[in-house]
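Here's the structure we're looking at; comments come further down.
Letters A, B, C and D mark the chains in the order given here, with residues in each chain numbered from 1 onward.
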């Protein structure tokens, strides 16, 4: 009989549901030395209990995160709440000796993220930020190709993250529109992902210059006659310099009509290039200058072969996986890291470094000039 | 407390594993009036017990399907065994009062498939053939568009199913190479899917003319010095006439180097057209002659909107799903059909009709001429 | 001062215009030992004179092809007339000592095509059939890759040629709808191209089984109250066996709603594969099993590099060419063959062999069985 | 007999050759009230005479542009020389009463471009800057769609122009690497195109913030042992604000390994979106929020229909055109403007306004902050 490891989750919206599915399924696809138990879910809204306890498999439900993080029968806290609560929950959890997975972005700003990082270091617990796209097979393959030197020196890292759900002027005001709750809008939500991928694949960013935009500055507050002010950015673009000399270009927007979840990376190096698009997440395009000159072209690799990262857990060649599989990889690897006392990334220090870059972009947007990122 | 419904599965290879995942997850994504219980798994190979009982969630394991199908505490039998055993297991199961899901193709030939159909009719149980691609959101959307008359009169249904795992001459001899076990090779495995989709989307096939090919006729038997004779087709192509006048063209091959699981449909009608490709299963291309003439083009619809078939069970817009989700849809719908005593398709009669077409192609391949399909 | 070579063209419709452009431009892009002179154009319709003499650059115009082919000051006859006149014009021209380029298909049937071939052989003149797609850079590259053995043994040659201009029921009756003038419809026009490409890239076809279809059998005759009967096929599909064991599948249709000039080749071999699409004629997709296993994928080669076939006559890398450039390549190569007394293909014997295959398909469509092609 | 109009061209390299082809062909495809005569070509290198006089169709050749622009028998001067000579030649030509087409970018900087604009205004001659991509059918269609309001309010204009010919460190030093001759590198060559398209499709740019990069700062001077310093940018990216509130993002680079001539526009508006890629220049992708919600997707429009801009001059539907056809459209329209005394754009004032934006980006690259563009 395997030893059990007990999980508590905080936050019962979209991310809470996606993580729940992963906790539920992980043991089917990972060989784990212990049995993950979905011990307790927590949300300030008691209406979530129905879904989370009765359908998604959590054994209990409560409305106080403080109670949850101090429970003695919980080993792991998974934080899926709005950004302004990440830091207090994470700090309390690690101080209570829990291992913590926290959704991205790490926090409201680098200061908060640093507190999380320091608290986790001091507590000596495993900690992770939910930059789940690192664990897509195609991104894993990209990392491998780059690490093997096959792109040579990287010249360009161009990333866009396009969604369009705010184009509709009737889309209501929600918490994400309030910079005080979200910290930022498209920027913290979407550029957080691409900045993390940039750091993962290319390296640290040195300086940035960017601009945030609000295209529709008032939206109706549901169930009221009032409108709410939109203070969080609808879109943020920025230029970047990497410490290794590469040139970066980032665009995040929720006003890209027709694009639903289109995160495209274009990475150009002295020996080869890579293209990735999240809407076709099973594919990676790779160009190699080592191919015979008359036969060079972008190869569209279907990243579903047994030898590709993570795929041996799934189905045979050509049987594509979906978006939520990334959470199973994330949680599976986190559990293995706990079991083997292994280093796991992206951890809270990655969350902090990502936040430094995001903060610098916001500062640049105000000062209208380039900003150096503290190293 | 919900009433329980007990499942027994037969066959513990690739399909058994994919179905297990669906049984395990279905209640997370479907609102069901009862609780599915993964009661018993069965395989002639006792070595499968480890995976199926300990990891995939089955409560017990045995090696005799006869025992399983006669158990009084089983409500549903799920058949995932090689093709030559479908008929006996299915007939025994329905005669024992079980509802039955059976993997495709229905059986070794139309005669067997008819026995299954008749036995199920007589027993009055729910029955289904695992043509899971009917339950892809993109195929559901295609069905809707066609049903609404948006393609007009269908002129062409061109289907290819390309894989390449047999191109490697060192790929060993397996049971699928023996026509006596598999009934056929690429034909029964892959054309079964596209013929079913043709029937689902366009209608019945009237006559066919085709040819099966074996490209590599001997393969090494693993663990021996011997080679086995390949008697099942590596590839089968055929032309078809539909009863509604449409022209059909089908190609199934395991020698399409570079294609892993590439099932492409091209459906051309008097008012519009549809293109689908299983390697990009979240997308559907639609061309409409009703669009303004200077702006007509194939629209690439990302079939992940809330209003698209099945997607409201999953994630927000743009968050793509994978191949295995089809099994959850299939099993969820099957459970709802049992609960509500509803008609569910594709059932054994669909399996039989598909088999009639497949058999006619094989007869045509021998006689070198067109064969009419009995109606 | 370069020696002049005098050209006469017969036929002043679409093809006549495209060829005129090529005769006009060829000396800009080919180093030729003589100067091509656009001596005389000919069409039964005198109204064409305006365009052909005054705009397209022909020095004179007449309405009798007999006069033209017997002129003593003409060196080359270019035949762009309807199919039923190819044979008599070509035979008269070669017997009059002219070099001849004739549009495809060669003739109304293999018997006529054989007369052309024999007459040209006897006359010892240069002769060519206008299968211009052989001279696309991407097809030239495909030929090179196959000739070097990079695909290994070819298993599949699957070709479609999709257009949609007959889907409109109001499209009027034209000569192409009359089997007595055109010989066939989509088949002779479109399958002629793909059969020629099949012979060029893979080899001879051994036997075929196919079916022609008329989807709309009556159309209005312009300027009258009458309808004309459509006797030429709207679509023809066929299966083929190549002498080298490859399996062939061909579809030609003018009812592929949304496809304008979509000729797609999919060639699968034991070592690699190629994909080509005429609507993106500057690209060739190539998959190689020699690539490192985890990095295999279809490479999309932009066939615009200096080292690619024909491109060094044009623009720098990435500056794409169009459809009509093939005629310049065809005519340029034909002139060089005359100048150097070199063998040039595809010649009348290629026209004849293509016609044998086309005829066999039509016979098969009647007899409803496979037909062997005489070798 | 049509009146003749006499052309003189200056500059006999790549652009000179492409323009020559257009002058040679234009009367085949445009109905013109006069006959264009290729009177004289000019280049400082007498070795160009062979190609230009003997092959490309110019009646004479000389090495002094001053002589050419003052010839009394020349009506139009076409300037295809390096950027640092545009202004003096153009000013002299217009002052000599010639109509002038000048390759892009207009000049070395806005000051020079203003001189050209003022001189042309004063002379009252027709003048044009060779932003040929405005006359691609797909761009013409994009303009029409935007003008009809189908995109609504534009939120984003994101443009990249990717080439890779400088990635090779052995590519020699050429005049384009010297900022004193070229004015800039990738920026003036490539961003000039995308800034012009931005102005054409979206409107004026208000302010910019950008950065130029030199990735390889020394290259071998051919035929010597020396290396030359690269002072012109290998890549320049910038953010932009449009006066209408749209957000702009531009990247031009010659270090995009694998991309040959990849100019991509992504234009997102409140009602729809457009995507264009120069490597597939016959296509335009259009997304409309007016489509039925469950059927929205990017339509890939093959811009080869008779009703599409410019295409009625060419071939039937689906017969694609190439890059050089833009010059025929440009020159044909220019000739018609002269004939009808019509306004023609893009003219020297467009060249000037484009240059203002380009200059501001270069200033921003030095000052590391946003720069307002003088209006």
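Convention: a residue touches a chain if its C-beta (ideal position, glycine included) is under 8 Å from a C-beta of that chain, and two chains touch if they have at least 3 such contacts.
No experiment lies behind these values; they were computed from the predicted model shown.
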item	value
Pair with more cross-chain C-beta pairs in contact, given A-B and B-C	B-C
Farthest chain (mean CA position) relative to chain B	D
Gap in Å, rounded to a whole number, between the CA centres of chain C and chain A	54
Geometric centre distance via CA averages, chain D-chain B, whole Å	54
For chain A paired with chain B, centre-to-centre distance based on mean C-alpha positions, whole Å	35
Mean-CA-position distance for chain C and chain B (Å)	41
Per-residue multi-chain contacts in chain B, two or more chains	259, 296-298, 302, 305
Residue ranges of chain D touching chain B (in the complex, touch as defined)	141, 144-145, 284-286, 288, 291, 293-302, 305, 307-308
Residues of chain C that touch chain D when the two form their complex	14, 18, 20-21, 24-25, 27-28, 55-57, 163, 165, 259-262, 279-282, 302, 304-305, 314-325
Chain D contact footprint on chain A (complex, rising order)	155-156, 158, 160, 162, 164, 167, 169, 209-211, 213, 215, 235, 237-239, 241, 245, 247, 249, 251, 253, 255-259, 266, 268-273, 287, 289, 296-298, 368-370
